[in-house]
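Shared chain: subunit A. Partners: subunit B in the first complex, subunit C in the second.
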Partner chain A sequence: MSKLPIWLRMISNAAASLVLGFLVLPILAVVPASFNKASFIALPPRNYSGVWYERFFEDVEWQTSLYNSLQVAVIATAIAVVLGTLAAIGLRRLSGRWRASITALFLAPMIVPVVVTAVALYRSALDVGLSGTIFGMSLGHMILALPFVVINVGIALRGVDDNWLKAASGLGGGSWTVFRTITLPNIVPGIVGGAIFSFITSFDEVVVAVFLAGYSNKTLPVKIWESIRLEFTPVIAVAATMMIVLAIVLFAVAQFASRSQGNSAR
Partner chain B sequence: MQTGLLLAPALLVLATVFVIPLARLFALAFTDPAGTMVPFETLLGSPVYRQVAFNTLVVAGSVTAICAVLAWPVAYVLSRLKGVWFIVALYGVLFPFWISVLVRTFAWMLLLERNGPLNKLLMGSGLTDSPISLLFNNTGVMIGMVHVLLPYMILPLYSAMSRIDRRLLLASDGLGAGLLDTFRRVYFPLCLPGIAGGATFVFLLSLGFFITPALLGGANAITLSMLIANFVNERLAWSLAAAGSIALLAIVLLIMGLTAKLLPLDKGMFAK
Partner chain C sequence: MTNTGLPLRLEAISKHYGKFLALAPTNLDVAAGEFLTLLGPSGSGKTTLLNLIAGYVEPTAGTVAIGSRDVTGLPARLRNIGMVFQNYALFPHMTVGQNIAYGLSVRGVSKAESHRRVAEVLALMQLEEYADRAIQKMSGGQQQRVALARALIIEPDVLLMDEPLSALDKQLRRNVQLELRRLHHKHGRTTIYVTHDQEEALVLSDRIAVMNDGRIHQLGSVDDIYDRPANAFVAGFIGESNLFAATVTSVSDGTAIVDVEAFRRTIRAPAAPGVEPGRPARLLLRPEHLLFNHADDGVPAEIVETVYLGELSQYGIVLENGQSLIARQITDRSIQAGTRVTLSWKPDHARVVAESSTTGGLSNA
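After this line comes the complex of A and B, so read on.
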């Protein structure tokens, strides 16, 4: 097994390349589709032009949806990062059964099917008047993002030695000083990672947003979702390309953050 | 005391924005004016809804099986590669994670169209004479879902494979076992935990999938989550939506309970 015959190695390499191609290439199909000149979606397009990019940037509805998405993602991330970081630090002080069950509770939004969460939030948002509001969507996304912060900060906290904290408080540091000078600097990469995950979770999220958006506060994915069902023009491909570009930028930032985490751990 | 203060804000918000809304939704299933258990009886009694539940399980099962097969070569090659090629292959697996499921599903709508590139390829290669319908049926749903869920199978399998001690394989080789025997009696059993963990992930995520079946399957391939959304949006049948939600969550929790040992929830698998 450690030396597979050459023909078997070639077959497994070829199969792996095919599957990797299947994973990556289809995503890129939206990029040529966005440069179509015609008013219908075709792949590959007959004539290329940037006309749908102009349309995207001139259309108030698309612009508003992009702005709404950014707003929702920023609010959701801000709340999730603060609550999740505090919770992760609290969880570390617990032990045994308490720690396991409270962790499970924080991870629950990942396990409950998102449609169920969306319908439940929609119902309660209707009752308290948060349906169709930016804040309502932000709260919904914050709940979905919270597990990422708790996990990421939790992992970063493993790099903080309890003895450092004891030493710091033994030297007369109050709990805030100890947190600010010892804990915080060591978990910053985890917080940044959690924040990036939160942001992308919110920015990409469709289902909760579709239920909570209402008529006037659509996010970019909601606008894409509706356009797919109503018009199906290349402007959707432009919006999809925008989302890919943003994801790649965030991916690069996250790589950078995790690299600096690796360095600071050493 | 301080621990409580650290946890309180998040727990309070989680209760208000998640636990209580869920509880309020679930309560609707039991407070139907027609009678306490009527929504459940309606769901279970209707052949249409039973068909939807069956279809959901069939799609989830097929997607899991296809992912299990496709994950093998990638996971194996990942576990053997080093240096630049390892990074390239790993990024190939991780890149799709970062792209919105909506965007990926939209891309498949373009590729699977009647006059789309895939049909052109199939016809050009002489495999079919007329375009085959890949969209708005279970075929389309499964292609799209396998694409989204495959990394969840590859990563646990890769992690199991890379933990295997190569000396075991050498020993098996040295003791005279053939390639197939070594695979069957040493390598495969050591990979099983990875396969089982990945399969659980993929199956559970498939059950709750909404965007991909809604766009690639449409009215011809309805799943449980589409049905729940439909109860709310088209029919304002809140008690049925609540009963459907309870059923879906119950299935998910049941499977999680059965496979609890295989799911390394606390090891940060999700953080990838």
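After this line comes the complex of A and C, so read on.
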């Protein structure tokens, strides 16, 4: 890149900035919108105020939906991390053809259109009485989150030398001890990364949640989706801002985790 | 560190991967405290044999016994073996001290006891000041010593080493070889050492097992293997050698009479086991055993190259039929490229060996 002439570099930088701007600015627009004093969403706001934040935190329905979202995301993440880590470890032990086809199976939720997954889950959830429950939504999101854990942990596992495991077992470690003392410490960054992606996947997921949420168990995105059709107040912008902030914080953590993983591989 | 390890006995042990024969049925007895090297090119089965002893690979047939204990069905962690890996396999998330203490901590040895033994091993390895150092900050030679310390601290009955010096540069390798020998005299543990480097094997070993194609071709002392190679593979693999196709006419009392076409004459020489009329054989002449212009009936040849090595010189020679060979002699300035010489040797210095492809997979002393 640095060998390009300066004018070409300037043009390419400008083009990149434009693309980034078009992608990011509309999203960030909700932040000033959430501080508008007026009772409708407008840009730029005439007067600033935190009144809609007050409204958000006073309103039981908004609060409940935020709490539901956190609950669903935590449960989905917990299950996805455990199952995904086990899957990644199992996949590594398989050879060639089996590994490829079973990996594809685990990654399928990322490729299959979400609405298809949602319809399938809706039908099955009805059969087993999980429709409209927090746990049902958690399981649905867990399926969507699983590929991120399998991929992240799988990459981290590539940094684990088989000979470390052989050495540890030769020194007297049983398989659980070897996992706990050798494998686990070396894949923590992958697990943390997978967990964060899982959490975000669940927290901002709307399609499966719309299908599975009952009347009283709406998640935040479902609540936003419903509100936007009934009223168009800056509370929606507040909710959206909360989600953006959470996503940014979690991605920063993920970035940090993957960087320290890069260091430990050296 | 008082005991010296236990004897090791392998009986008819073999390993197939599907149809691929990694190790033909092999017997091997290693005495307590012995340093035995498995020497061979890659794919010769030496690492398979080591992994079978360690318990990382299940044998297709046969048994492994350490001392009086049959360990054939036991996993590696119950065999009380110490293993040093080719890339050391040190745990990157632990310090030097933690790496070395690993075998003790998984055995539930108390902190105080573990501390004492780590200090002891660090001293043995001259690594005292590095206990809290990160593994990545250690040099290759130091890592090698940490790996050895980690294997020795559990007081293994058998110490296994898989090409532990191959990651070091040549100069360092030389020093570490001598270091390993010194350490072996100190810890005195039964040691099985895998390498493809014959010099390493000659420096370190009490006995060497020369392997190829999943078989031990010869098991013996350094002298045995060099002076009395069992077949053409061993003769060619150990040391430098000149080998000539030979037709065996008769064998009696360990002496063979062979026709060597390259020399256009019939030669009498000591014969290795397996040499018999009708089987392909070769005549072995070591470069240092060839004499110039020493006998009236010597084989005529021409010097084509001289390499001055100091006191010695190495000579490239071509026979009249075009076959080339090498000789090593006290430097004689009168011998230069183009000089015509006659070659001879003491009858005892030649040896007739069978082609290795026909010797079968036994030859265990």
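Worth pointing out:
Simple rule for what comes next: the second predicted complex is superposed on the first by the 256 of 266 C-alpha atoms of A that agree within 3 Å, B and C clash if a C-alpha of one lies under 4 Å from a C-alpha of the other, contacts with A are read in each partner's own complex, and residues count from 1 in each chain.
Assume contacts are C-beta pairs under 8 Å (C-beta built on N, C-alpha and C of every residue); 3 or more make two chains touch, one makes a residue touch a chain.
Please read these numbers as outputs of a predicted model, since none were measured by experiment.
Overlaying the two complexes via subunit A leaves subunit B and subunit C side by side, clear of any clash.
Contacts of A:S101 after superposition: neither subunit B nor subunit C is touched.
By the touch criterion stated above, A:Q63 is placed in contact with neither subunit B nor subunit C. When both complexes are overlaid on chain A, the residue A:N47 reaches neither subunit B nor subunit C.
Once the two complexes are laid over each other on the shared chain, residue contacts for A:S39 go to neither subunit B nor subunit C.
Here subunit B and subunit C are compared by how many residues of subunit A each touches, and B touches more.
With chain A used for the fit, subunit A forms the apex of an angle whose arms reach the C-alpha centres of subunit B and subunit C; rounded to a multiple of 10, it measures 100°. When the shared chain is aligned, subunit B comes close enough to touch A:P113, but subunit C does not. Between subunit B and subunit C, the smallest C-alpha to C-alpha distance in the superposed model amounts to 14 Å. Residues 54-56, 75-77, 79-83, 85-87, 89, 91-93, 102-103, 106-107, 136, 150-151, 154 of subunit C are the ones touching subunit A in the complex. Put simply, subunit B touches subunit A in their complex at residues 2-7, 9-11, 13-14, 17-18, 20-22, 24-25, 28, 70-74, 76-78, 89, 92-93, 95-96, 98-104, 106-111, 113, 115-117, 147, 150-151, 166, 169-170, 172-173, 179, 182-183, 186-187, 204, 207-208, 210-211, 215, 225, 228-229, 232, 238, 241, 245, 248-249, 252-253, 256, 265-266, 268, 270-271.
Residues of subunit A touching subunit B in their complex: 1-2, 4-5, 8, 12-13, 15-16, 19-20, 22-24, 26-30, 33, 41-44, 79, 82-84, 86-87, 89-91, 93-94, 100, 102-124, 139-140, 142-143, 146-148, 150-152, 154-155, 175, 193, 197, 200, 203-204, 206-207, 211, 221, 224-225, 228, 236-237, 240, 243-244, 247-248, 250-251. Per the touch definition, subunit A reaches subunit C in the complex via residues 161, 163-164, 166-174, 177, 181-182, 185-186, 264, 266.
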